[in-house]
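My structure is below; once you've seen it, I'll send some questions.
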């Protein structure tokens, strides 16, 4: 097996620099690459373009990079829940490209899969389709969308092995699998690194070929954004 | 949960009729929907268009339908290993559309995913791209390919539950997952039907939403096409 | 007049046996609480789960199991998790039978706006544009008027659109309305609400044919 | 002159540490047997497996574990199975580093034909068109001439193409050849084969610069 394991987060992020385009997995704060974000904050590189479904909250996730003005442009589908983000965006300090969530996922997947462009109905007739090619298929209108191009993809998985194979947990899976192999270099951080051969070949979500570097992550906070519970006394 | 379980193969194939277009999973003889094929042979419906990576062998798989002249047209990527197929094709009795294997998979996946069309490099400059739209992206030429349209998809899985959730085994997975939900009605047959809740939600390959009917398959032959072995005395 | 719970309750009646349903954030999320017990329905959330159950008991929350509103949830037996691409295959591929979402404005031709107020608020469209462009059955859950008392059922939307000519039905605090080729067709009145009340609160063309029954629950 | 095993052995030298490799049916499949033991390589088969191992011991064959040639195989620790769409994501997305496949004809501009003889044989292209259209590193393994003794290294292919201007290197029973913008460049001779032998067996432009070494294994 080709060994993708690197010793630490410093080595995992070798080559990142100002002005690069990054993909970052996660939905809200679930499944975000906490170790990679922390290291990016530490390095202080700036002028970044970040492709990520959300932009974190004020004091966690990508919000940490926003606080330090490291991000030049965000490409996301939903950016609520973040006041600093809204402030930077409305003031024009931060460039923002909002695109439909399914289109965001599919543009990542297209990059992973060597599909340069595809048609989707999402956004037809709205401002996200402005200046984009549209076309009719079977009586319905569609918009032409292109594969993303990115320098690094930072993803977070539940379990992984040194071959780079990944398994995700629950809804922390989200955009992480489709970003693997969608950038020049994919860096995976995992909650648990398991010995080679321990993962069932039938149950691997992302084969190691899509991952260039893998590390054992540390100090996961896994913050919950909306803690909603029901009372034990209630029905159900 | 929405219950997709039907009692038997007769019920599972309700609605199939002459002249329809079917998708059939499998690669070679591995992972083919043996029960569905047997029932189609039994019903004797004809004039069929079959989308399937291969066409079986003379006396098994889709070869059984070919023997009885039930197939009008095959859409496949590789059709060797079948003399009756070659005879019918060269004599003009059988219409054949050969397309690249990755394009076949992606056209199924596009149908599943509501993508009407996409660009792929496969086949550019060859006869499979004749009369197709071609286009340059980033200095490379691509061919526009469209989602398939089919009436039924017949797939075979390893395990499944009444909600229609499916898990595949080994390389018997192949085209089966990408055909689920790619036709109007998807019929899944499984080697083992397990109680609801027994499949780990993290490990389901195809969620039940893509499957309309599921049955416990029977009498699987699982024939091996090329039995290759090494001697115990050899190195390794 | 209905409150948000009432709107959710009324919409729950539109959920039929065997439906896969995607619920938006806000009022739509409440719909799950009022679906009949004797039908089988599965809830999909676009962040990657099918077969959502109720919120977890306190102490059983899992940061790795949330819905698209980032709320902690549980799953029912037969549930599945999947990535964002497969999730939108379900949506774009029209495997989801019913989409229920909120809106800031709906136009009489079925246009919907719910993601942006230029210069003021830009949260983003999330999965809404994919949902409304793909779904064959879209119900909007919203208040009939905004906080300033202005109608949200318009001749034309004034805000940037989320989708065009896609909304099929609207359930508000005042009425159940069907979007037809001729405009908003009034189907039902909320308890204690008159046809005139609804007329006054509706800017777009309102079609009133015969007696309009009060909503039944 | 090399036999098929010899061709496979020579090609094995082109396989570098850290490569993901897709092997076609026939001679290419044999390459796996001769890759150095001190480098790490993973073999992908387009029917949905990464990390293929050797053939199984007798009695351990599994109908559900085969390669693209439909041969029973085994997997190594760290292997994975996946569907056909993800398999071609690996190929089309250029995640596979090296593709080795057979051919009926190769042209001096790198065109390749290997899937059809009009009116005679039509087995289909399988995954070959995706592989040659996507791979940056393609090596063809074939005999230098066909059964009738005619060259398979041509000015232009006569058979329907599998891909255009894509082949980078050719290893035959007679020679190792690089495809350049000026034609076939002779790199190495097979043991006991003269430059003239190769010239006579090559219809396309053959570039011969300086002394041509004999292959080393």
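Residue numbering begins at 1 within each chain, and the chains themselves are lettered A, B, C and D in the order written.
Just so it is clear, contacts are C-beta pairs under 8 Å (C-beta built on N, C-alpha and C of every residue); 3 or more make two chains touch, one makes a residue touch a chain.
Computed from a predicted model, the values in this text were never measured in an experiment.
Novice: Would you pick out the chains that touch subunit B and also touch subunit C?
Specialist: A
Novice: More C-beta contacts across A-D or across A-C?
Specialist: More C-beta contacts join the chains of A-C.
Novice: Using mean CA coordinates as chain centres, what's the gap between subunit A and subunit D in Å?
Specialist: That pair's centroid distance is 36 Å.
Novice: Could you state the distance in Å from the CA-based centre of subunit A to that of subunit C?
Specialist: About 28 Å, centre to centre.
Novice: Please work out the Cα centroid separation of subunit C and subunit D, and write it as a whole number of Å.
Specialist: 55
Novice: What whole-Å value do you get for the distance between subunit A and subunit B if each is reduced to the mean of its CA atoms?
Specialist: The answer is 32 Å.
Novice: Give me the residues of subunit B that touch two or more other chains.
Specialist: 106, 109, 113-115, 120-121, 168-170, 173, 201-202
Novice: Two or more other chains in contact with one residue: find those residues in subunit D.
Specialist: Where subunit D meets two or more other chains at a single residue, that happens at 49, 81-82, 85, 88, 91-92, 134.
Novice: Judged by the touch rule stated earlier, which pairs of chains are there in contact?
Specialist: A-B, A-C, A-D, B-C, B-D
Novice: In their complex, what parts of subunit C are in touch with subunit B?
Specialist: 18-20, 40-42, 44, 49-51, 75-82, 85-86, 88-96, 134
Novice: Which residues, counting only subunit A, touch subunit D once they are in their complex?
Specialist: Those residues of subunit A that touch subunit D are 1-3, 109, 111-115, 161-163, 165, 181, 196-197, 199, 201-202, 204, 207-210.
Novice: Could you list, by residue number, the parts of subunit B that touch subunit D in their complex?
Specialist: Touching subunit D: residues 27-31, 53, 76-81, 86, 89-90, 96, 98-106, 108-109, 120-128, 158, 168-178, 205, 222-232, 236 of subunit B.
Novice: Any idea which subunit D residues touch subunit B in the complex?
Specialist: Touching subunit B: residues 45-49, 54-58, 60-73, 81-85, 87-88, 91-92, 111, 115-116, 119-130, 133-134, 160-165 of subunit D.
Novice: Okay, in this complex, where on subunit B does subunit A touch?
Specialist: 106, 110, 113-121, 137-138, 140, 142, 146, 167-170, 173, 201-203
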